[in-house]
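Here come two complexes built around subunit A, the first alongside subunit B, the second alongside subunit C.
Up next, the complex of A and B:
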């Protein structure tokens, strides 16, 4: 087990290194001229020269990369060409926003997965209709799901759920940036519930695809392990059907479901970027698309690095958890 | 005498083959699968010839702005500039599908090239190439595609390059496995024993056996590529307006969403429909081919 963890962490470092290198190289070979974006089109020659020094453009590439990488390790993501501020400061409010949405989306995906898998295993008219609805939603692009949910829950049902922003009240001054948590910490139920209500629609739009995929894997796993010899043995020993489901069915189905969730984390990250735009959610995605609009590559690179690192870390964590649960993974 | 007997036996074998009920792919498809295959053909036809049949230009205003769908003369309504939505949808469909086909083809050819070299040569080269492939597979695909496209500047070409960069490793892995499997098959062994080596063995005996798998897989991936392209152009990495492109139309329409839902929703629906049709018929074909042992 230790050697597996060491190996896995080793490859994590390698992947993170190359991720950094690729993003750095992209910034060097890209079409955009960083100095011009930084100073504006009308800058004088002196201003351009000063900006070149400030951005370190004339340093050897190896030095630039070393600075970039060490900066990353210290949490310094560089300077935004558009806002001319430290990107880390820009992101300090949008990172919690995206993380909160991502956590809500993962939780919702698990809820959808478990509820739907029950429908998959127990066929019936209602189940069939629901399955069709969810299957179509799952193959739709996430911004379509987002738009449709806004139309239904905000426009046609007269605003039962809010369709924009994170809160009707704005942040607490001493808040953590996670609004639901802030509400709980301050003991304000109105605030907490309002934050949760704002989370529901975007989280649904970002999670429905993963939820449906999860449901299929869970349903497959449960059906096959409920028909297995060990389930039969458990039944013959007099265990009730629900105990067999809980102790053998769910437990055996959970390991493929977990690895599927890890794969889908990357998918969810990219749909979050899109969904945030529809709901004017001030997270990494909105920051990213603003940066794309003005050609601010350091900011784009920073967001891509953060999202990429989260994805890679999550995958490693899931691999280690799987290996702890299932000895076969350790050997392969 | 001997010759004719051998020929007779061969004829018998051929007859036996012919007598066996040959089940076509079409007749073994269910109703829903058939509908989706017809849908794929219809969508491709519309994309192919549609733009020349539409009455209005996709980039010249042709009516009052923000006409709702089913208005007179504008079946799908008009957008904020008075451009005909129907014409824009059809042109956008053409652009998106064409881009997706090109991306898939380039990625498949690139992946096949690398996979064939790795699988056929083996040894150090195989190890090195597969390490690189695994590295790319460990990255979050869409994020890297976004970074590449953003670095190259806003255009559909950079979005296409971005997606190709993350798409080839899938084919490289697949092809490498296939090549190693095929290289152990009797006909390749026989060719090798008869003295066929190197390039000729690869091109004449290995590659043809790998081609069906890779071409089927690639053609089924088009739906996923359409979705990824749409996501990139939705966040601004694609053709700048007013050129019609489905993802971009959807994100531009977001500003008027609550007053004129159709400007944003219709392009999104088109993307969803294309992806659904390709994915659904693709899944059906995949299952069928596996059953037939291709």
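Up next, the complex of A and C:
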């Protein structure tokens, strides 16, 4: 198991290197003039020349890439052309915001998947209605789900759930940036619950499609695993249906569901770009749309790199869980 | 001596299934009983109802309204309603357990053997003892393993240990060795018998194979079309069968003593139709074939034909004449094949074929025998052009440019499910006769001729593969392979998934085609009895090499390699 994890982490480094190279190359072949964006259109020739030196534009490409890559290793993502600040500083509050939302969305997708799959495998009237509702939601784009949930839970139901921002109280000064965690660390249940309440609607909007997909795969997996020869063996040895499900069904059904979750984790993270806009969530998504608007390439590159890294890390995490669940993955 | 106790008694059991358009009587008025420490063999072919009885005594006939049952099942003194009894969940596991057919998939792949077994034995120590009883030596090691790390024979031993772990009164064994390599079959059977008898269990042994039943069982009940047609002590049934069906089953058993020069089994309509057809093609009288078959005077060499006549009749005008051919139908020279895989980060080379050379002569038939993993199937694929050799040459090109054709074990899976039989056959005719000016009607006529040759009729033309039985599917696969006579017919265990009587007729059919059409045959199998019937020569393969070549005629005496001897012993007399 240890060697499996080490191997997976090793390939993670390689993937991140290629991702860095791709982001860098895209920046170089793009048509936008970074100097103009940096200095503004009315800058004098001297200002432009100074900016070229400051941004390292005239260095050979290999040197620029080396600078870019070593900067990344030290946590330096470069300078934003629009805000003229270190991108790392810009992102110090928006990265935790997005990560917190992403984790919440993944957790919610798992909950939706498990609950719905139980409804799929055990048909009933309530189940049918719920399935239909979720299926319709899953077929709508996430911004539509986002606006709909704001309409229902905020407007019609009189604001039972907050529909904007991350907290009614603002951040703790010594906080980690993860509000739910901060609330727990400070022992304030009011603060924690308020942060969770703010997470619910955006997380739901980002996760419903993935949750429904997960439910289908999980339900299929459970059905076929309960009809499998080893389930028959367990029954012949006197196991009850629920024991067969607990001991054999869930475990065998979870491998394909986990693989799907790995893929969908990426979808959920990228759908946050849109969802954050709807809920005024100051995360990477909001930062990215601003950057795209003004052609702030280093900022765009930094966010892409981070989203890519998050995607790869999530996939690796799921692969490791998968290996723990299914011995054939690690022993084959 | 105490009176024997009856563990299982079934009285007048009937089970019917309602399908969409009809009601099927799966079992009618079955009565049988088994005493403690005894083994009863329930013998029959697919659809005979034997599996339904097996399911009824485990209480696993689906209670969804489609099945109804009458009669009585009493297990260890408990009276149980066959389908609806609320006590079944408690009886299963405590009193009745089962060993299933497929040891590859009957064990949960995500759990260690110890994890599974200890749940029923109570402690790791008891689990070791349970594995000892099924003669697994390094039991402590095996407990730590996952099912996919064990061989098929080992898994089936584990399955037996699981089934006996809680000391059941009745053990149902449902074709427990059918999916295993023949060379381990006998071992697993004796392990099963010893372990069950030591535990004082009664065993209901469900099988299609009379030879296996003879090996295992004290009593035999023969089933046919839902009824038990005959039952009694094993010796008595086998030496003095009263029923015609039992005799038929026995006649269908192929042994190392079967007569190679004549058709095996009892006359079967489809094969006789093909024979009549083959004789008629040459303008010879075809009356009395059935009588001569029964009398044992019908010989294969009568069918050896003049290929020109056959060619004219089948429309394939370019078949070479007999006697003009000196080159082999298949020549394999110094073939090597290596598969590489990765294990623990290192490349592992698996030399599947090491410098293999052999020839199959014009009209000759050669059987290739070897255990799983010996490389025989890879060799067949290379001969058929499905895989390529790393080194060496293969020439399977016929004189007129015709190529080899392959018949696979699972005919159902090798026929495209959405095409009709006519499309399947005409596709191949069109492919070979491109530019020969054959029109649709001529192709259709040739397809029909060939179907008749394999014992099917015009109604099969419009059928799709799923509408046909297993035996019929195998016939269609054969028809597709010979509709344009191939240079060599490559058969990959074509009978191992079939019932004995169907297997018999497929063997007869291949023999007939090879004699009447003069097609060379390569027959891959691990059943030496079948190999001996089909082939002129038998090649024995172990670990990627041909270690022995013997004439089929003198097979039993001449075979000397250890694996060859093991195969001889594996054919249960």
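Worth a mention:
Just so we're on the same page, the second predicted complex is superposed on the first by the 306 of 332 C-alpha atoms of A that agree within 3 Å, B and C clash if a C-alpha of one lies under 4 Å from a C-alpha of the other, contacts with A are read in each partner's own complex, and residues count from 1 in each chain.
The definition used in the following text is that a contact is a pair of C-beta atoms (placed from the backbone, for glycine too) under 8 Å apart; a residue touches a chain by one contact, two chains touch by 3 or more.
Nothing here was measured: the structure is a model prediction, and the numbers come from that model.
In the superposed model, A:21 makes contact with neither subunit B nor subunit C.
Of the two partners, subunit B and subunit C, it is B that touches more residues of subunit A.
With both structures placed on the common chain, the touch criterion links A:251 to subunit C but leaves subunit B unconnected. Of the two partner chains placed by the overlay, only subunit C lies in contact with A:328; subunit B stays clear of it.
Of the two partner chains placed around the shared chain by superposition, subunit C is the only one that A:233 touches, whereas subunit B remains out of contact.
When the two complexes are overlaid on their common chain A, residue A:152 makes contact with neither subunit B nor subunit C. Look at A:115: by the touch rule set out above, it reaches neither subunit B nor subunit C. Contact residues of subunit C toward subunit A in the complex are 58, 60, 89-90, 92-94, 96-98, 100, 102, 105-112, 120, 146, 148-149, 159, 162-163, 165-166, 344-345.
Contact residues of subunit A toward subunit B in the complex are 11, 14-15, 18-19, 22-23, 26-27, 29-32, 136, 139-144, 147-148, 150-151, 154-155, 266-267, 269-271, 273-274, 277-278, 285, 288-289, 292-293, 295, 297, 300-301, 304, 307-308, 311-312, 315.
The residues of subunit A lying in touch with subunit C in their complex are 3, 7, 228-230, 232-240, 247-248, 251-252, 325-328, 331-332.
Of all residues in subunit B, those touching subunit A in their complex are 135, 138-144, 146-148, 150-154, 227, 230-231, 234-237, 250-251, 254, 257-258, 261, 264-265, 268-269, 271-272, 275-276, 279-280.
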